[in-house]
Amino acid sequence: MTWFNFAHASSFMPTEATNIAQQVDSLYGFLLIASGIACAILIGGMIYFAYKYKRRTSNDKTAYISHNTALEFLWSFIPLVIFLGVFGWGWHIYSQMRAFPPNALEVEVLGMQWNWEFQYKSGFSSDTLMVPVNRDIKLVMTSKDVLHSFYVPSFRIKQDVIPGRYTAIWFKAEKLGEFHVFCTEFCGTSHSGMLSTIKVVPQGEFDRWMEEKAKEHSEEGSLPLAQLGEKLFKGKACASCHSTEDATIKVGPSLFQKFGANENIEEIGSVVINEDYLKESILNPNAKVVKGFPKNVMPSFQGQLNDKQISALIEYIKGMK
Amino acid sequence: MAASASHSDKNYLNESSGIWSWLTTLDHKRIGIMYFISVLTFFLVGGIFALLIRLELFSPGKGLFTPDQYNQVMTYHGAIMVFMVIIPGIPAILGNFFLPLQIGAKDVAFPRLNLASWYLLMLGASMAVATMFLNKVDTGWTFYTPYSIRSSGSVVLMVIAAFIMGMSSVLTGLNFIVTVHKLRAPGMTMFRIPLFVWALYSTAILQVLATPVLGITLLLLVAERVLGVGIFDPKMGGDPVLFQHFFWFYSHPAVYIMILPAMGVISEILTTFSRKTIFGYTAIAFSSLGIAAVSFFVWGHHMFVSGQSEIAGILFSFLTMLVGVPTAIKMFNWLATLYKGSIQFQSPMLFALGFLFLFAIGGVTGIMLATIGLDVHFHDTYFVVAHFHYVMVGGTLMAIMGGFYYWFPKMFGKMYSEAAARMSFVFIFIGFNVTFFPQFILGSMGMPRRYFDYIPAYTQLNRISTVGSWMIAVGFLIGLYTIIKGLRSGAPAPANPWGSKTLEWTVTSPPPHHNFDVEPIVTAGPYEYR
Amino acid sequence: MSTDNHAHHFAHHFKNAEHEYQSSKEGIWLFMVTEILMFGGLFVGYAIFHSLYPEMFAEGAEHLDWKMGFINTLVLIFSSFTMALGIYYIQRDEKPKAVFNLALTILCGCIFMVIKYMEYSHKFHLGLFPGKWLDVAQTGAHHANLGLYYGFYYCMTGLHGTHVLIGMGLITWVLIRTLRGDFNPKYYTAVEGVGIFWHIVDLIWIFLFPLLYLVG
Amino acid sequence: MANKHSNHEDDAHHIMPFSVYVKVASALFILTILTVSAHQMHLGPWAAPVAFLIASVKAVLVMLFFMHLKYDNLTNRVIFATGFFFLALLFAISAIDIWTRIAQSTVL
């Protein structure tokens, strides 16, 4: 497929990190050329006729051509054949996208407003997806709340993530590096902030990372509370809505130097930010929303955090000075 | 009511006066004008929202809005443009005015129903606008579950508004079908009706058959929010993908409700300004019907990655390719109509040629999106945004503008300033390409749609796109100026300023109250330029 | 071909009264298509979820009293019969009989709604509410999502009941017009249209009854 | 042609005899009873198709005689049939999707 390499569009298409990405780009390249020809005929023809047959006198006589069966048959039949060919080509690529290799490394993806969580079989989870290069990876995905869509431009794959059921997608990255993950199904306030990264690394590095993660996971119990809180704060993507190092307002109020301060709550008035308030706001975020911020934005973490983890988070927030 | 009906200068505009005579009118022409005023207002509001979206996207990061405000603006832009501008656009304005005139009828079949449709649209529109002052809706115009079940906006009111506007659309369609079946003048056979009428007729079929399914979908969404019935809610064992099936069963044909009438307008303008009979009348007429029919079979191409089954996806990809054929037929037939014509570049013709240009690009990118393996990459990216704006704005809106300039002399009995109209075309056409062509590239690069913020790599193209949106705005402002100036001080228009052959040009400009003083007898086709 | 001997004046854009009648009737049929497609959406949803959760639907149907549905079916079929007779007598210019049959149709509609009301209040009493409001503990439902079945039950019967009420209103309207003497064998478009609407309401119930009460 | 079409329409509309209405109503009553008795025979997997079949027969009777479709013109019959056709289409393709989905399950 080198003959339309120029249309391979590498100038604006994202890196082709998988074999399927190359195939998709070949088809896209073909379609760009075919479309270019079609547009040249239609638009070029239009411009040529407009120039050639422009009105010269106010009583020009025009040819009376009502139809031409042969021509009409041709311009119905040729597009049909091309369209069906393109359909077949697209089907061929799609069937590869949907043919799950049997021995793939499986990772469970959990989409939620508004971050991705990647859960490995060894029992730990991560907010970035670390995978070994040249290895089939199968992602089994579900959502905790609303529809999301898992999209990796460099792999040319996308699949909606649906609450209440599992969908799947697979890829085999052939290039090392970091690749964007976007959410492409509108999911509310921070839809455009629901980003993640896929890190493709050599097998050795991946194995080391797995070991480290597993160790960290087992050590979580012995971490000091504030450090565990910091880890959870990152892992649950709290930071995408609450700033911790200055008073900048993101989606929600900043938590910097908030502990012990007063906040103005709609309909209730001034409230002191203490342990109880923080705990209530984590478990039941709509109970006391700070004035000026919308309700129903922050998800509840009821059932996702145990008492120790909540204490750890509070400890961490206390320390933001 | 004016008593002196015998006066020879009487036409539909001055046969009676006062606001009440307009609000209670049963005259299809006056109802058309009322639609024109209301849709133009909605368009200005939707257009301002579009400009605000582009302004926010001028730079990555937070600009004008908070993310929630952006999502609301994006939702209202979509909902207003779809339900209140493009769907009623051509059928309700130009269709109402010219369908009876073009087939030699004195009115549409059910004039009261016609007025009721306008009031329904107004009622729905006011409810939609009311949500802007209550809890603003942020679901996108597609109302996908389960987000629309959980969202805190006034989704129920918005959805009922869409339901009511849907009823308005159904009743307009019903009216047009009966009008075309029953009210044609003597000699006006089905194969002598102008192609604009064929297009409206095909559209009307879509309106009647597809909209009820949207109706029940929206009612179920209301039930979902009020009663929690669970049909579309996975928490209750329901299926959000089924919502998408129901939604697109209407909303894909709705895309053709938007574009088919535009194609009809283009056929009228091209023949008039190349003073030549249409090439392949029957092919164009049947391709309208064909597009209408096949459009019901292809809704799932909006759902290739939605979690529907692979088999369904492949089937929909195949069926979608079939819609491409009648569309290609129309394009080639229009091109052949230009061949050996006598082409004049009045502003309606400029808009028609602009339509061909933009629709060609919209069409070929449509084929790319129909190709299932490729759509997995493009789905829900700016490629899709660019594609449907090329079809909806580059197609439908260009046709509305062209059609409006074309029929302006007939509607108001005055000529507009040709220079100003051409100027508006230049700004809209260039601005449109500057705005939306970069979005194809952004989409190829992977920028998802409905994004408040984006990664820095997308900045340059977004900037170009935003600048383009300002050019479009200037173009439409010039257009508005042209219309107002034409209405205030335009030269009186003759009955047939362009030398067209269809029936509406045989009556005075503006037409008399009852359209035809003598019932026309039709003996030939609509485009007999010999 | 002339209809001058009859009082009805047809609208100016029609050629004659018959032309107007045929056009109106086509409009009515087109409207009925939209009714079919709107209700049809619910039936499609019902069929799909029935195939996914057959036991749950069977459980739901067991809570319904088929005798109530059966009586309502008979009432509605009878009302369709009297509606058809109402038109028949107008066609034959027998006004008193037509009025009697139309009134009987309205009465049947009332009976239908009363039985429906009894059914609903009984269901509410048992805690059989739609969707998330269904009281799983009180009803002892085997399927946690039984509310989905009742979602369908209330949406379908509720939308149908709304149509019965609208139909009764429309029949009252044509009844008054009949009493006023607006109709005659040459002009009875409104009665015909309302009749078709009423039969559609009956038609939908004919499917709702076995689907909800029997098969489940 | 429009005018020719409506000119040769029958000026006096078809009036069905009274006995037809009575026969159709009786048939509908009998079929309703039949549905219920079929239900009580516990036909298992056949229950749904049988109930649906009987309902369809009843529906056709109502359409043909009560709604006078039997004596109506072709256009109106085609119009009404179109509604059912597109309904079937909505059902068919949605069902194809739902019945051919390959269920994925969690890997954890």
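Letters are used for the chains, namely A, B, C and D, taken in the order the chains are written, and counting of residues starts over at 1 for each.
One rule holds for everything that comes next: a contact is a pair of C-beta atoms (placed from the backbone, for glycine too) under 8 Å apart; a residue touches a chain by one contact, two chains touch by 3 or more.
Values in this document were obtained by computation on a predicted structure and should not be read as measured data.
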{"item": "Most distant chain from chain D, judged by the mean position of its C-alpha atoms", "value": "A"}
{"item": "Centre-most chain [mean C-alpha coordinates]", "value": "B"}
{"item": "Between chain A and chain C, centroid-to-centroid distance (C-alpha), Å", "value": "48"}
{"item": "Where chain B and chain D are represented by their mean Cα positions, the distance between them in whole Å", "value": "35"}
{"item": "Geometric centre distance via CA averages, chain D-chain C, whole Å", "value": "15"}
{"item": "Shared interface positions of chain B, touching two or more other chains", "value": "181-183, 209, 213, 235, 237, 239, 241-242, 246, 307, 310"}
{"item": "Contacts with two or more other chains, residues of chain D listed in rising order", "value": "3, 6, 75, 82-83, 86, 90, 94, 98-99"}
{"item": "In chain C, residues with contacts to at least two other chains", "value": "19, 22, 26, 30, 33-34, 36-37, 40-41, 48"}
{"item": "Contact pairs between chains, per stated definition", "value": "A-B, A-D, B-C, B-D, C-D"}
{"item": "Chain B partner contacts - residues on chain A that touch it in the complex", "value": "9, 12-14, 23-24, 27-28, 31, 34-35, 38-39, 42-43, 45-46, 49-50, 53-56, 60-68, 71-72, 75-76, 79-80, 83-84, 86-87, 89-95, 97-98, 145-147, 149, 151, 153-154, 156-160, 162-165, 167, 180, 182-193, 195, 251, 294-297"}
{"item": "Partner chain B, residues of chain D touching it in the complex", "value": "1-3, 6, 75, 82-83, 86, 89-90, 93-94, 96-102"}
{"item": "Complex contact set, residues of chain A against chain D", "value": "106-108, 119, 121, 138, 140, 142, 165-168"}
{"item": "For the chain D and chain A complex, residues of the former touching the latter", "value": "103-108"}
{"item": "Chain B residues within the chain D interface of the complex", "value": "181-189, 209, 213, 239, 241-242, 245-246, 249, 296-297, 299-300, 307-312, 315-316"}
